[in-house]
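What follows is a pair of complexes built around subunit A, which joins subunit B in one and subunit C in the other.
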Partner chain A sequence: MPHAAPSTFTGSADGIAILVLLTEFAMLRAQLLSSQVRLYAFQSLVVTVLAVVVAATRHIDELYLLAALSFVLKVVIVPRVVLRLLSHAEVDLAGSSAFGVATMIAIAIAASIFGFFSIGALHVQSTALPSTALAISVAVVLVAFVLIILRSDVVSQAIGFFSLENGVSVASLVVASGLPLIVDVAFLFDLLAAVVVFGVLMRIHHRRTKTLSTEPLDRLRG
Partner chain B sequence: MSQGQLAPQAIQALQDLTILFGAPLVSGVVAHVEGRLQGRRGPRILQPYYDLAKLFRKETVVPDGSSWVFLVAPIVAFGCYLIVPLLIPVLTTYPLPLGYMGDIIGGGFILALAGFAVAIAGAESGAPYAQLGSSRAMTFGALIEPTILFVVFAVGVITATDLPYALAAIGRSSASEIVRPAHVLAAVAFFLVVLADTGRVPVETHSGTLEFGMIDEGRVLEHSGGPLALLRWGSAMKQLILYTILIDVFVAPWGLAGDRRPISVGLAIPALLGKAIAVGCIFAIIDNSFSKLRLFKITEFLAAAFLFAVLAVLVFYLGGG
Partner chain C sequence: MNKALLAIAIVPLVAAVATWWTPAVISKTITICSGIAVFVLGLTLIPSATAHAYLSAGPALRVDALSVVFLVPTTFLYATTAIFSVGYLRPPEGEAGRRYARRFYAGLNVFCWSMAVAPLLNGLALLWVAIEVTTVISVLLVAIDDTDRAAEAAWKYVLLASLGLGIALLATIFMYYAGSRVFGSSYDLSYGKLLSGAHGFPKGIVRLADVLAVLGFGTKMGLVPVHTWLPDAHSEAPTPISALLSGALLATSFYAILRFFQISVRCLGPTFPRTVLLVFGLASLVLAALYLLSQRDLKRLLAYSSVEHMGILAIGMSFSAPIAIVGVLLHVIAHGAAKGTAFFGAGSIVRKFKTKDMLRIRGGVGLLPWSGPMLVLAVLGLSAMPPFGIFRSEFLIVAGGLSDPQDTVAAVLVVLVTVAFFGLSWFTTETMLTPVPERERPGVARGETSRFIVVAMLLGLAGLVVLGVHVPGQLSGLLHNAATQLEAAR
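Now for the complex of A and B:
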């Protein structure tokens, strides 16, 4: 039997989650490091919009605060910091990755299909919960892993890690939107710590190897 | 049959005639708009008709050593393009007698048969560029195929049938069906397929004769006279057929005739052509805003289309999005 179209809330939550997943795929394709950072900023903006939508439809006022915080942090500060680091490094292009773009996207599609089916196997379906958005957020996390694994430059790996946090945010927004604010804020400060750590790593790596590629690390011997 | 109503067979013939004689008009208007976008005056709107008339008057030259296949293939392809409009909603919301002759996969097969006929004629000519075009068209056609299949699957899971009429009817039933995520993703995937199949810019430049980037255009380089006219006319018809499927099945299934009165069927013809011209103008804008992809980068474009189609099926199948 054909299903009825989803309700406005479910439909828009699903649509926004799909947009997050598509940006994740676009990051796989992006060759310019700066465009990858901008894609991350866009993805964070989309997640912020999702927080506002959830706050408005479920009348959870704390989420507005969270949306404002995540906007300032993930759309403005983190991309700025990473772009600043990049401008010091004076490297524009990501190095060659293990596979071509089409192959990487095929692998990522397989990973997200796995994510979809594993959520589908859990049977966590209820009327209040957009289970598609949950499945998509798992797919975002898996595609972020693919990005981290297949790209061999520090920036892509850092951005992959940050966007993984975006996927987790989507999941927490749609599944547990009533999560205490302190937990969500703790997530954000986790991210801040990660930015600092990755920033230091990027600088040290670039100073030692004069490149952002991780290939020189493969040649290290104990 | 009551008074003042057209016979279903007549409407069906009218669907074919609309595609047959409307296709050069749509191409002409789009070429004109494209010229304007590039700061040229652009060719006359009726130019494709004059071109066809001119080509039909010219003599036909056949390359040395090529067989009857070379001359028959354009007719086969043209015949295929005349069959497809019988299967899809062109003018009416209700299925016509032969509408159940084939489903959406059947329509795809017939379009593929036409492409195969043109490709084999190009290979038969023995000329290097025509053979190059044929081989490339088949290669990229094979890469587009998975996307088309997944779009068909998406239609299948949404409607629980494989009939284009059913999806159009669901789309008309409420606006929320048009904007549901699965439908939007399938529509975007099909849009990208149309872009690739009509030889538009990220994949191929459809005007000009730059052999390096040629895919579809390259196949017909050796044809002349009547067969060339049939091939040109056929590719205009293929374009209008794909636009019609995009419009009447996916994006805007409104403005079709709901009954068999001559007035509503008559109004559906300009409505379809108008919508097709609007879609063509969007393609012309894309043509002018993007650069052509390198030949080996086309797989990235097709991977993106495949991604949309797969997501459409997944989002619907696991969660009813």
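Now for the complex of A and C:
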């Protein structure tokens, strides 16, 4: 079956989704928490660019507003909040993980291959929407899970969740950009609230345990 | 435009703002009034939701019979928890205590608002937003006591619930993707639209969305294996919040799962969505029944009982007989009343004995003349003893299961529920009924700690008995309507 060349929209969406996935891998590799946060800021910037691309190619003007909001929140505010916490805590080395970096990357590659092909196996071809970018965004979500599970400090876990949200944003931009703006704004508002709560709890954790490691969190079990 | 609907969506928010700015005495009154008002408003929706296919207020609010079924336990617990909180909370004197009370009551109102509004919203996307709001606010309420244990519980809760909701959002997006086949690339995810077009959605994507939704929202509902935050958060939160988490929040997440179920049934037929729920439900029931046998912490015991009941709900949905679905919906309401009452009783115990450790609590019935016996009754209610509501609902579920071609599941259900009954009632009755001689309990005098606690428990038990002895005709009609809507193929 001959394939038609991808449209500008599909091509750029796929390219940007790949960039988001690569950033996720870089975060998994990063040993310094501050570089992890900077990588997250970069990833969010890439997602914002995707929002602009979608707005321009599909002529959805509201998405420009969404892109602006997401830029302010995810590229500026979230990284700043976390970096301030880091400088306050005077810790920068990520918590030791159960596996070495090479093993973590190998697990993440396996997870992303699984995500990519399991979406591919659904055999959905849509003329209106790019399915490759959708499959990649599922891979991003799975790699974020690997990051959260294997890292043992609260900052990595929080950043892991925020980047998971970036993966879901990519999926939502390529697939559901036709949703009413109010819903998108509500999503962002929710993320903002979640960021505040994560920030508050990270502070409480640091104040109570004097560390960012999750090792003291083993009192409740059974 | 339905005014009651609009009022339910507004009153708790107004109460939240008001409690933030008023002194503690007034904010207690406001919270109780708002709780009772919203509960009554919810009840007034029952006749019209039974008579009409749906009611709406603007494009965003739409309720059908299923929504109202879930509105009832949430608003009931809002009212009773507000009353209970007045008796239970003992904030320290001075500025710190005032700040605590202000945060608590404002948070309680926002939390109840988010749970009450979730079933009123029209569409999967808005529903997701509301459930995310319930997470954000309830995490803060879990952490409000500011102890090491509360901070740990809150961290586990926020991380797991956020990840779960991340997956649930992915499920919502996949559902949108499925719908774009029928509606094109720009539409909203309102129920009317999704249900009317569901039979034309691509099946593979809907299957994926259904599994992701059960996994994602199941995290907040406490389904095994994604339940691990639940016992921690339930045991470390202030007791009023534990009651709301268990009786109302878990049900709200179940409501979201049922909405995906409803759409999936129309697209895929009933077999696939039922099997998914059966797998998660069985896992939850097995694990919870075993954990119930080894708990020492009273609130953890009740938390595992919630996992057990969520498992029963999921299994009940997997039965094909309509009577089982009616049982499941009744179970949601009855569990709310029973678990609320049980947590109120646990709160009374905690206030009296200053511990949750059941090995150190003895003679509860003798020392707490009202709340002690009522806690025992609530636990018997939770274990599906007649004449309480859960007896009726589990009876309907099991009866439906036995008429199913695969009636082994119903048999397994009965066995596991019996194991859970053993664990739950053994420990609590031992704690409550073992008499203690006067000289062995220095400093613990006979008597209730607060009348508000007793009133809240009386209301909860009354609700539970009403549901068990005779389900009011209108409510019964509502349950049957909702069950029919859930299973409708077109």
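FYI, the second predicted complex is superposed on the first by the 213 of 222 C-alpha atoms of A that agree within 3 Å, B and C clash if a C-alpha of one lies under 4 Å from a C-alpha of the other, contacts with A are read in each partner's own complex, and residues count from 1 in each chain.
The rule we apply is simple: a contact is a pair of C-beta atoms (placed from the backbone, for glycine too) under 8 Å apart; a residue touches a chain by one contact, two chains touch by 3 or more.
This structure is a prediction, so every number in the text was calculated from the model and none was measured.
Regarding the shared-chain residue A:A135, is it in contact with subunit B (first), subunit C (second), both, or neither?
first
Which partner chains sit in contact with A:A171 here, subunit B, subunit C, both or neither? Use first/second/both/neither.
The answer is second: A:A171 touches subunit C but not subunit B.
One more residue to check, A:L93. First (subunit B), second (subunit C), both or neither?
In the superposition, A:L93 contacts neither subunit B nor subunit C.
Of the two partners subunit B and subunit C, which one touches more residues belonging to subunit A?
C
Quick check for you: in the superposed arrangement, does A:I109 touch first (subunit B), second (subunit C), both or neither?
The first partner, subunit B, only.
Scan A:F117 for contacts with subunit B and subunit C and give back first, second, both or neither.
The answer is first: A:F117 touches subunit B but not subunit C.
Should A:I77 be classified as contacting the first partner (subunit B), the second (subunit C), both, or neither?
A:I77: touches no partner chain.
Would you please give the residues of subunit A that touch subunit B in one complex and also touch subunit C in the other complex?
Comparing the two interfaces on subunit A, one with subunit B and one with subunit C, the shared residues are 119.
So in the complex, the part of subunit B that touches subunit A is made up of which residues?
158-160, 170, 174, 176-177, 179-181, 184-185, 299-300, 302-304, 306-307, 310-311, 314-316, 318-321
Along subunit C, where are the residues that touch subunit A in the complex?
Per the touch definition, subunit C meets subunit A at residues 125-126, 129, 132-133, 135-136, 139-140, 143, 146, 148-149, 151-156, 158-159, 162-163, 166-167, 169-170, 173-174, 176-177, 180-181, 184-189, 202, 204-205, 208, 231-232, 235-236, 291, 294-295, 300.
Hey, which residues of subunit A end up touching subunit C in the complex?
58, 119, 122-124, 126, 128-129, 134, 138, 141, 145, 148, 154, 157-158, 161, 164-165, 168, 171-172, 175-180, 183, 186-187, 189-190, 193-194, 196-198, 200-201, 204-205, 208-209, 216-217, 219-220, 222
Spell out the part of subunit A that touches subunit B in their complex, as residue ranges.
Checking each residue of subunit A against subunit B gives 1-6, 8, 10-11, 14-15, 18, 21-22, 25, 29, 100-102, 105-106, 109, 112-113, 116-117, 119-120, 125, 130-132, 135-136.
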